[in-house]
Amino acid sequence: MTRLDGRRADELRPLKIDRHFTDASPGSVKISAGKTIILCTASFVDKVPPWLESQDQEGGWLTAEYRMLPGSTSPRSNRSDRPDGRATEIQRLIGRSLRAVVDLKKMGKRTLYIDCDVLQADGGTRTLSITGAYIAMIDAFSSIQELLPDQWPVLDSVAAVSIGIVNGEPLLDLCYQEDFAAEVDMNLVMTGSGRFIEIQGTGEEATFSEEELFQLIKFGKNGIDLLTKFQTNIMNQTSSFSENRE
Amino acid sequence: MTRLDGRRADELRPLKIDRHFTDASPGSVKISAGKTIILCTASFVDKVPPWLESQDQEGGWLTAEYRMLPGSTSPRSNRSDRPDGRATEIQRLIGRSLRAVVDLKKMGKRTLYIDCDVLQADGGTRTLSITGAYIAMIDAFSSIQELLPDQWPVLDSVAAVSIGIVNGEPLLDLCYQEDFAAEVDMNLVMTGSGRFIEIQGTGEEATFSEEELFQLIKFGKNGIDLLTKFQTNIMNQTSSFSENRE
Amino acid sequence: MTRLDGRRADELRPLKIDRHFTDASPGSVKISAGKTIILCTASFVDKVPPWLESQDQEGGWLTAEYRMLPGSTSPRSNRSDRPDGRATEIQRLIGRSLRAVVDLKKMGKRTLYIDCDVLQADGGTRTLSITGAYIAMIDAFSSIQELLPDQWPVLDSVAAVSIGIVNGEPLLDLCYQEDFAAEVDMNLVMTGSGRFIEIQGTGEEATFSEEELFQLIKFGKNGIDLLTKFQTNIMNQTSSFSENRE
Amino acid sequence: MTRLDGRRADELRPLKIDRHFTDASPGSVKISAGKTIILCTASFVDKVPPWLESQDQEGGWLTAEYRMLPGSTSPRSNRSDRPDGRATEIQRLIGRSLRAVVDLKKMGKRTLYIDCDVLQADGGTRTLSITGAYIAMIDAFSSIQELLPDQWPVLDSVAAVSIGIVNGEPLLDLCYQEDFAAEVDMNLVMTGSGRFIEIQGTGEEATFSEEELFQLIKFGKNGIDLLTKFQTNIMNQTSSFSENRE
Amino acid sequence: MTRLDGRRADELRPLKIDRHFTDASPGSVKISAGKTIILCTASFVDKVPPWLESQDQEGGWLTAEYRMLPGSTSPRSNRSDRPDGRATEIQRLIGRSLRAVVDLKKMGKRTLYIDCDVLQADGGTRTLSITGAYIAMIDAFSSIQELLPDQWPVLDSVAAVSIGIVNGEPLLDLCYQEDFAAEVDMNLVMTGSGRFIEIQGTGEEATFSEEELFQLIKFGKNGIDLLTKFQTNIMNQTSSFSENRE
Amino acid sequence: MTRLDGRRADELRPLKIDRHFTDASPGSVKISAGKTIILCTASFVDKVPPWLESQDQEGGWLTAEYRMLPGSTSPRSNRSDRPDGRATEIQRLIGRSLRAVVDLKKMGKRTLYIDCDVLQADGGTRTLSITGAYIAMIDAFSSIQELLPDQWPVLDSVAAVSIGIVNGEPLLDLCYQEDFAAEVDMNLVMTGSGRFIEIQGTGEEATFSEEELFQLIKFGKNGIDLLTKFQTNIMNQTSSFSENRE
């Protein structure tokens, strides 16, 4: 089967990452995969949530917010007063995924807000948000490195990718039209060292066999590998930065 | 490792299902697993959502709502103005899981509301909601059998179970204390015929290996098998009903 | 006039009370009168409302919340985001009625939340909530008896009943169909010792004479007497408990 | 016992009614009793509520809204986003009380909105709202007399008064300080012809005997008599108007 | 061009101010210009907003709220849950305009709430609110004169007026029908000493030339002069008061 | 006085406009002035607001929404549930400003949504939104040129600029720090042909003289001239497009 944009079934879309897209936030990454474009910013606030405050624990918190700008889709999507069910799910996923590789106790008493605002949506916004937010998070922590209690709080890298079954065939990194047609939809979040953070597989008014499940996982793992390499390359381009940390 | 209530690692909690718990709804099931108690009701409304109406399609819709009563936990949980992030995720999961085994086109132009109200919460409320809601759904469709266009709209049974890794060991059907301590938390929704509807595995500020992932899936599949048998037994106790449908 | 279920005009519906229906709350009562079924739980929270806190008074507070589960009616009622006008009135009435027999100064600095969730609605839900909540409140206070400052804070028992005029005739304890047809609707809340806590009589797009008013009060008083006896019997069944209190 | 303002126990506060206080609404009445001042306007909207529309019945609807202006109390009360529990109860009471004397079928397909905005609050705002709203309602119906299907839709007059027990003594028409100190608080709504529309008696963290109940009713009835006479006098001052209606 | 009510182009509507309209608030002014009637109350609250509190500055704050009563327009306007866009703009303007002549540091640690509730709306409600609120503010500060740290905090008087271009001609103090037809709409807020506080000129789906802009400003200045004289006269009528302040 | 970035008092910040920044919306412009960066998208929806629909008029509508992304400021600004007072004012201003140069009757029955999302905020976001939104609007109308009833609906160009008085001196195009320190703050919206659309001048807890007012207007007019030339240059770079329209 040929895909809409001529990709192979197991091929990622062209990926582009602009670090330091704006100055106001210490982490600010514009990331795009094909036509999907997301602005991920990471900002510190010198407070922790009340429930954490009351536990009287050392350490901080990391939370995420996700929204789509109205003009990011065609037709325009209504600006939502508050996160709808879908946005709530997505921002909880982004937050969990990043927290899985952060030692919160080493953050100091602060909250890192990750804001993922979709500038253009063409499928895979939640997984691309995670892949981009990881870079924004690294840049944010680097900006306060001298304020961190002792050690670097990030334990591993994170990337995420979508996989699906369309017309019976597994496909990697679905665009909107493929996603819309998919019978099964899966999101995989993994660390750079190959461990799982989150697996979410859903039959879209359909079901799937164990064999199909395993095939999707295999496709996803390969995609994550490529994304991790891309992230490492980007990080190395500012060599002074990566040396600072070790 | 011995579990808090003396169960084996792969053992379900005692399950109890009261069909026709109330009369006001055509489907009304009180289901309990250990100390978790849920009231699942299923009610028809003779309308479909506006987006379906505007598509001018035949068929109906199925949606779910999930809430915890304030007194279902100790300490009391606040009654929430609207479904919070967690409740939103759960009710979307319940709805998707049941729709995966329903041929919506065979429902007629109506909506089936599944209401899962947790009377007492001790872990596993989202998976138990699905297992109980399946029975309530069957009872609701049976009550309008003569109004259904032609054939029975339910294609398969559904059940769900939680699995997790606690102190490095996989456990089936976690109670609250086990769930709270779990490093990895997974929910599995499957059909009676052994196909997957949903798999959600999450590292709770932790990660997991592929080997652990496969072990959790194995435990979950066994649990679903037992729940499916229990559901079948319950349904057969009112023999006249199951004959009607063939 | 014969009533729908064959009752006499001054006869209560069959009453059933299950104490300790769940374990999570110290007070947990499932009460039913005919087809009306309510779950009343009573839970302590170790805080008092801000306005009481700021008065710097000793003592606590008691408040109530009331909701109908969506599946409690046929057709299904929408789950309301917040208490609507009717629910607001009812939960204020429940709270006032119980506070009238509690010496709040003897509660210690805590709030007792009374949650009345209607599992099935067939008329008289507000009055049955009060009758059931009284038992849940007693069980809750008993559970913290050793923490109470000095004396038992409950001064009297409370029960409530509805009365109405249907087709010109006074009726006790109306079911939904009778309530719907009633010209005059009254709710009476009284103590076990025969004193009034609340009287609410309303012409439903109708008016009533003083003679009718007095007749309704008479019917109601007799109903309250019977409910009080029923409550006393229930409480005495766990004799060890009532002895504790003297 | 002497009252704060020297009144006898069964004496009303000085009453003042300005009809046609503003021009924008067909009914516009400023009513004051002592220091309590309320602006009651009555406006028609050429629609009926959806639930009435769907019943396909002839006739209209009457509804009320009640709010206190922030500057009506000392200290200032916060402007509330939506009606709080108290305002909800009061506006439902005002609406019910007026509907009891209106034949809705004779209104034509329109809604009469009664808006009671408290300009200054010194006790008895809900009952004074009803007494004033009756005049505004009459003026509003008079303004569309030629549009009414056939007959005059108002069947009787309405007035309301508060009564209470303060330091063991029954008092009529309580000001705020008396109301604040009252053990028992009652509101009575009656027609000009002496029939009851609503009776609401509440022990304020107290209870009351049947004897006290009957005494309060007696006081209230006398107050209503005086208010009805006052209303009649006001209406007669514009003789042309009352002749129109016969 | 003759105006609807026979006024000259540069003539104000008849102005009427009732000071001390109610007792509950220290400042309470009913102001009317033609058929527009507004109740402006001014009340102190012994708190400052959190952002001011946290700045640890001496001094207070002044804020305004603006609403239209439902019956103030024909047809009735819906009571809004919260200030809509228009009300938000207006109440921010009122607050800014008064703060421009108040030395907040001389207020002491308190907030002055200005509440402008429109009893009848016939154009110019925002400017009339400012003109009336100034008097209410003066009366409020006078009532706490002995509590003020040292000096009188009000530096100048404030008045406001609307001007517009209707059918190509500039008009002063527009009524609703004129305002509705205006191509250009301007609001001018000035001090008694002739300095500008706010100028807002808007083409209503139209544009205007610099010459027209200057003409509108000239008309407005003359209107403000007259309003300032009126305010001074009103204030002098209670001579004892104005002497107090010198 | 030297400005923070070395500009002259009457000098604009460096301006940069990226047309067609995204594909999903027919108009998509990233505009920056110094460090302020805004994404302006323009999208058509084939409906008009209910109030316009009910007027049964030909023609369409144009409306605007404005928000700041949380990461656009340092420190991070909270994501607001709904537009706050400031955002409400700004989005109303943007909509009015563009409508002043559009013949709505020539739009056809559709709504043009202008979404201005601030990616980075350093002063002047409301005026820069208008300047950028004008380009996005032109691009959007061009994309549906063949669908427009007869003629081009845009009558003139629009641009906007801020001016203020800081330490007694007038300054053009204020950055955040200058804006924060300004005694007087003015926004000017004008057409390319030199006519006024909106003038908003505000004393920030200060007042200003007529002479200062006229000086600010002069500065602003010069700024608008430069912005208009910049807009024209940008539009001419895609010559095929501008020829289409003549």
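Couple of notes before you dig in:
Per-chain numbering from 1; labels A, B, C, D, E and F assigned in written order.
Please note the rule applied: contacts are C-beta pairs under 8 Å (C-beta built on N, C-alpha and C of every residue); 3 or more make two chains touch, one makes a residue touch a chain.
Every value quoted in this text rests on a predicted model; they were computed, and no experiment measured them.
At the subunit A-subunit F interface, residue numbers used by both copies make up over half of all numbers present, so the two copies contact each other through mostly the same positions. Ranking every chain by how far its Cα centroid lies from the centroid of subunit B, the top place goes to E. Sharing over half of its contact pairs with D-E by residue number, the repeated interface among A-B, A-F or C-D is A-F. Centre to centre, using the average C-alpha position, subunit C and subunit E are separated by 52 Å. Measuring from the averaged C-alpha position of subunit B to that of subunit E gives a distance of 60 Å.
Per-chain CA centroids place subunit E at a distance of 29 Å from subunit F. Taken pairwise by the contact criterion, the protein chains form one closed cycle in which every chain touches exactly two others. Beginning with subunit A and heading toward subunit F, the contact ring passes through the chains as A, F, E, D, C, B.
The part of subunit E that touches subunit F in the complex is made up of residues 83, 85, 88-89, 92, 96, 99-101, 104, 156, 191, 195-203, 205-210, 213, 217. Per the touch definition, subunit A reaches subunit F in the complex via residues 21-25, 28, 35, 37, 39, 41-45, 65, 67, 69-76, 79, 81-82, 113, 115, 117, 119-121.
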